[in-house]
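Okay, so here's the structure we're looking at.
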Amino acid sequence: MTRALIKGPVADAALPEVDMSTSLGGLALPAPILTASGCAASGRELDQFFDLTSIGAIVTKSIMLNPRSGRATPRMAETPSGMLNSIGLQGPGIDRFIEHDLAWLEERGARVIVSIAGGTVDEYGKLAARLRTVRSVAAIEVNISCPNVEDRGQVFACRAGSASDVVHAVRRHSDPRMPLFAKLSPDVTDIVEITDAVVRAGATGVSVINTVLGMVIDTDTMRPHLAGVTGGLSGPAIRPVAVRCIWQIRQAFPSLPIIGMGGVRSGKDALEFVLAGANAVSVGTAVFHDPSAPSRIQIELQRALGARGFRRFADAVGFAHRPADLPREEDPDEFDFISE
Amino acid sequence: MAVQVRGEILDVRRAGAYHVLSLTAPGISENVKPGHFLTLGIGGEESSMLLRRAFAIHRVQSRGVYGGTLDIVVGVHGKGTKWLVDRRRHDPIDIVGPLGRPFVLPKEPVSTVLVGGGYGSAPLFMLAEQMRERGCRVDVILGAATEEKLYGALELKRLASTLTITTDDGSLGQRGRVTDVLGSLMQANDTAVVYACGPMPMLQRVAEIASDHQAYSQCAVEEAMACGIGVCMTCVLPVIGEDGVTRMLRACTEGPVFRGDRVRWSDVGTIPPDTLGAPTAGGH
Amino acid sequence: MTRALIKGPVADAALPEVDMSTSLGGLALPAPILTASGCAASGRELDQFFDLTSIGAIVTKSIMLNPRSGRATPRMAETPSGMLNSIGLQGPGIDRFIEHDLAWLEERGARVIVSIAGGTVDEYGKLAARLRTVRSVAAIEVNISCPNVEDRGQVFACRAGSASDVVHAVRRHSDPRMPLFAKLSPDVTDIVEITDAVVRAGATGVSVINTVLGMVIDTDTMRPHLAGVTGGLSGPAIRPVAVRCIWQIRQAFPSLPIIGMGGVRSGKDALEFVLAGANAVSVGTAVFHDPSAPSRIQIELQRALGARGFRRFADAVGFAHRPADLPREEDPDEFDFISE
Amino acid sequence: MAVQVRGEILDVRRAGAYHVLSLTAPGISENVKPGHFLTLGIGGEESSMLLRRAFAIHRVQSRGVYGGTLDIVVGVHGKGTKWLVDRRRHDPIDIVGPLGRPFVLPKEPVSTVLVGGGYGSAPLFMLAEQMRERGCRVDVILGAATEEKLYGALELKRLASTLTITTDDGSLGQRGRVTDVLGSLMQANDTAVVYACGPMPMLQRVAEIASDHQAYSQCAVEEAMACGIGVCMTCVLPVIGEDGVTRMLRACTEGPVFRGDRVRWSDVGTIPPDTLGAPTAGGH
């Protein structure tokens, strides 16, 4: 495990010394904050707001095999403390992505986690095979929240069987040492069951959560607001759902690498995810609100950890699961107003 | 390159149906070109409104006691713009800019028409100034539903060779639409380029009339934007590239100014079947 | 169906004439706004803020067979545009509820929908039997989002089988004409499947949605904030999830009575639910923010309907599902700035 | 009966570590008794903060140009209280009150002690006044962590027979806690009732000392409240009824003032196993 402390542009005289490095099942990162897939494109546009190499890694927008136009507009709606999106995975296709986007990121020196998406199990396998030859991929995030075109558009992530099939295909076509993260949907009855399935199929860890299925009706047109009818809900609104999912998975899998995401907007929010069990935290929608959010949040997290006496980020992971303190004998003589 | 700065509200003043906001924006105002926009964080720290709001940059003053300052023209549309015009002097405001691709200016001192619909006239002031500096002829057409929804007629009159006003209800200028007068104006002045900012149907018609007169058009579009900086893909519209292929381009980074003849106006809001990567019958 | 227009304290010179009555599978209500279970106790405390008889009905806090202390505190946490709660169904038990609360509501002249909750299928049956003799019950809402003590605390609402068992028991012990609404949890992979199960088991309709399972970690104590660890997320944050659930159920069951709820704070929000397919709308968390919310929202809804040309509330139910307009020939000559 | 009104901020002024807010609250201020509280809507229409915040009513003026007005004392705790103290004159504010059960006043002109911890002194002013009107002896003890967290010492001195001050750091008055001095004061003045408002551990100790001296105690508690009006059941604590049975009672409607000897202070935050309806081994 690397032990690099955050230095350079992110450093600051008052920043407490905390070893921010994290390890995601073989993937060592100098810092635990990532961008969330689809909220940072391929990083390039964010480089003007903060140093891309200062955060843990860039998770790129889910890429498909072929160029893809995405869905019709409107593609988004603002909702209370959140937003709905229905982009439809617009993108240039894997070849152009590798040539154009990955090459730029490599040159820039950023660590890259590539998110892939497919319409069939086979397509996921092909994407993995295509990435096998590319040196600059630190890990693959498998976005399984996609409709399975071979099964009435059922989302892969929603059934243990289809989720497992996808991960299996990606594992089979990837370098065996390549860390694979299955990105889970919260729209399931039992997220631990799905986690179990993808881990058995060869996932190194999981990314939780993808957006929550939602919908907005335009009260003027009196029709669904999004061209895609339903969309994915993201942002602080869903944060408690994300924390719960991470907590449940960490309870069931004490040492599984977990990338947490869903509504993180501040270092304190990120800390909540870490305490619940996340080994790294992705920042998504918050970037739209504040383009320097990933870097700001990483600094805030470091401060929050330092203020709580942590010397190593890793020590805080899952800390909220520790056994209860011995029931403290309430000594009423011990009150003081400082506790007010 | 865009930057994010913490600015301050200097002034909020009414102008007809709109409000003009002056902001300090050090590091932004220095780099603004006509057609650039900015985005503002809305509602404060504990707001339920997460998304930034986009506004065309109306004017810049790069010197003065406050360092760089700039103006925007705001029409109250919903809760975010309502919040914005309720700001008071010295309130802080989070600004990202300058954003987008500005208007392309002619190299030669050609004859131009600037068409503004409603608050769409806001980015035309700087444009008119710079065009005059280049020796271009600048005819301006402003249109709106009613007189109070016209913005800046008096000042544009000073900047322009001619100013023509249309209102839907005839409360000022000619009753009708900007496009009722555009053709004859172009004919009379041998217009080479039309610049336009306003509602989509206006832009569509402007682009058509420009083409009819073998002129270029530069249209600043307004699409709902979640990020404004090119990372989210919400703001796309179908645009034909130099290679003849239609792609869904981002209005925030590949626009907001597009060549009028490149935008597939009638298909905005859809994915034309011949778009690169469009869904196929058997596919996604 | 009654055709009463909202009159009395709710009326207002400027209020448009809209027939606000609604019919919920045999239950006719003069107006479509209800209180949400657990957010209005038994109505009494709200009577000082608005006239309880002016809204459609009071849905009472879920009652159990025996008195119940609920969970330890803290029982709530504020979250972005929402809140988490973990009350644990504190209540006096069915007997005292009937004597004390129902009697008061009856005297007050309010329409009452009684929400019931149990730890076993048998308990639900007993509650239904006990209510059979009580005249003032307009309908029963069956809160199936309770842990099944006989099945490792699995929530009834999360499996078609257990959901159906509960509804079946309630149906068997109720007056056959008693309208029964099964209150569904959104925390399932397929809410249409659960709806199908409860409808087959004898539910008159469904109430959607109950809270979304969430969690908050206190970054000071670095432990779960709620004594109950997880809690239910409610409020505007979850509104898009509620609209989506109502939409999906309405798509699958064109004429099923649906009571919608989840984050409704204004008349426009309520309209969104109605357009998505709700025949009535319950107001929950908004009451904590604004104790007169149910009555205010009903007036706002009436105005919103009137402004859109509706003469009858019933005509707006599911209106967003209407077939698409014929593709309008965009006539660029037709723009005017009024549409800006 | 509580009402909901749209009030207005009249004034926000600092007082040591706290802010005193004056509000117009027509229809509320007229009906306030000592110990009542109110709740305020926070953050404005588009705020992400849904829940109201509770504050003890400090003072009322039922006449004057603004109709009924009242004061509250606010300590900044988190984002809601921060927002509140940033309000400006004439800002609107949504108020619900008066809420809760007020202090029970003695029928006879007995000797009383009022104990306030931090901003807990706020509701004691009105109480002291009314007690004096009834001919009661009123000794006041104020305590806080430091001098600046004491509120209203000067004025309470005027209202009280005696005023004793304690601070944890000794910056004013006696170093130590209010409960260090309560016993001897009660002994000296033959106190019959102790009234207290402050943090839970203080209330617990006050209640114990009162019992030790065969005196009544009336304690105003502070529990996190989602609704403040009795409909949500978030604000409960274990209280022994007249029938000897422990129930989880709502602090908002059955409190915030409880008889000190009825509250199971050490069990606050738990469900004591002998509570009515407590979970049983086999049960829920």
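Details
Which chain is which? They are A, B, C and D, in the order written, and residues in each are numbered from 1.
In this section, contacts are C-beta pairs under 8 Å (C-beta built on N, C-alpha and C of every residue); 3 or more make two chains touch, one makes a residue touch a chain.
Not measured: the values here are computed from a predicted model.
The most distant chain from subunit B is D, comparing centres defined as mean Cα coordinates.
Distance between subunit A and subunit C, defined via averaged C-alpha coordinates, is recorded as 33 Å. Separation between the centroids of subunit B and subunit D, computed from CA atoms only, is 56 Å. Averaged C-alpha coordinates put the centre of subunit C at 35 Å from the centre of subunit D. With touch defined as above, residues shared between interfaces to two or more other chains in subunit C number as follows: 80-82, 235-236.
With touch defined as above, residues shared between interfaces to two or more other chains in subunit D number as follows: 48-49.
The touch graph of the protein chains shown is complete. Interface of subunit D with subunit A (complex): residues 48, 75, 117-118, 143-145, 149, 168, 177, 179, 198-202, 204-205, 208, 265-266.
Residues 38-41, 45-46, 48-49, 61, 66-76, 78, 80-83, 85, 87-91, 93, 119, 147, 149, 227, 235-236, 285-292 of subunit A touch subunit B in their complex.
The residues of subunit B lying in touch with subunit D in their complex are 43, 45-49, 79, 83. Subunit D meets subunit C in the complex at residues 1-4, 41, 48-52, 94, 96, 223-224, 226-237, 247-248, 253, 268-271, 275-279, 283-284.
Contacts from subunit A toward subunit C in the complex involve residues 79-82, 84, 158-159, 187-190, 212-217, 219, 222-224, 229-231, 233, 235-241, 243-244, 247, 263, 268, 271-272, 275-276, 304, 308, 319-320.
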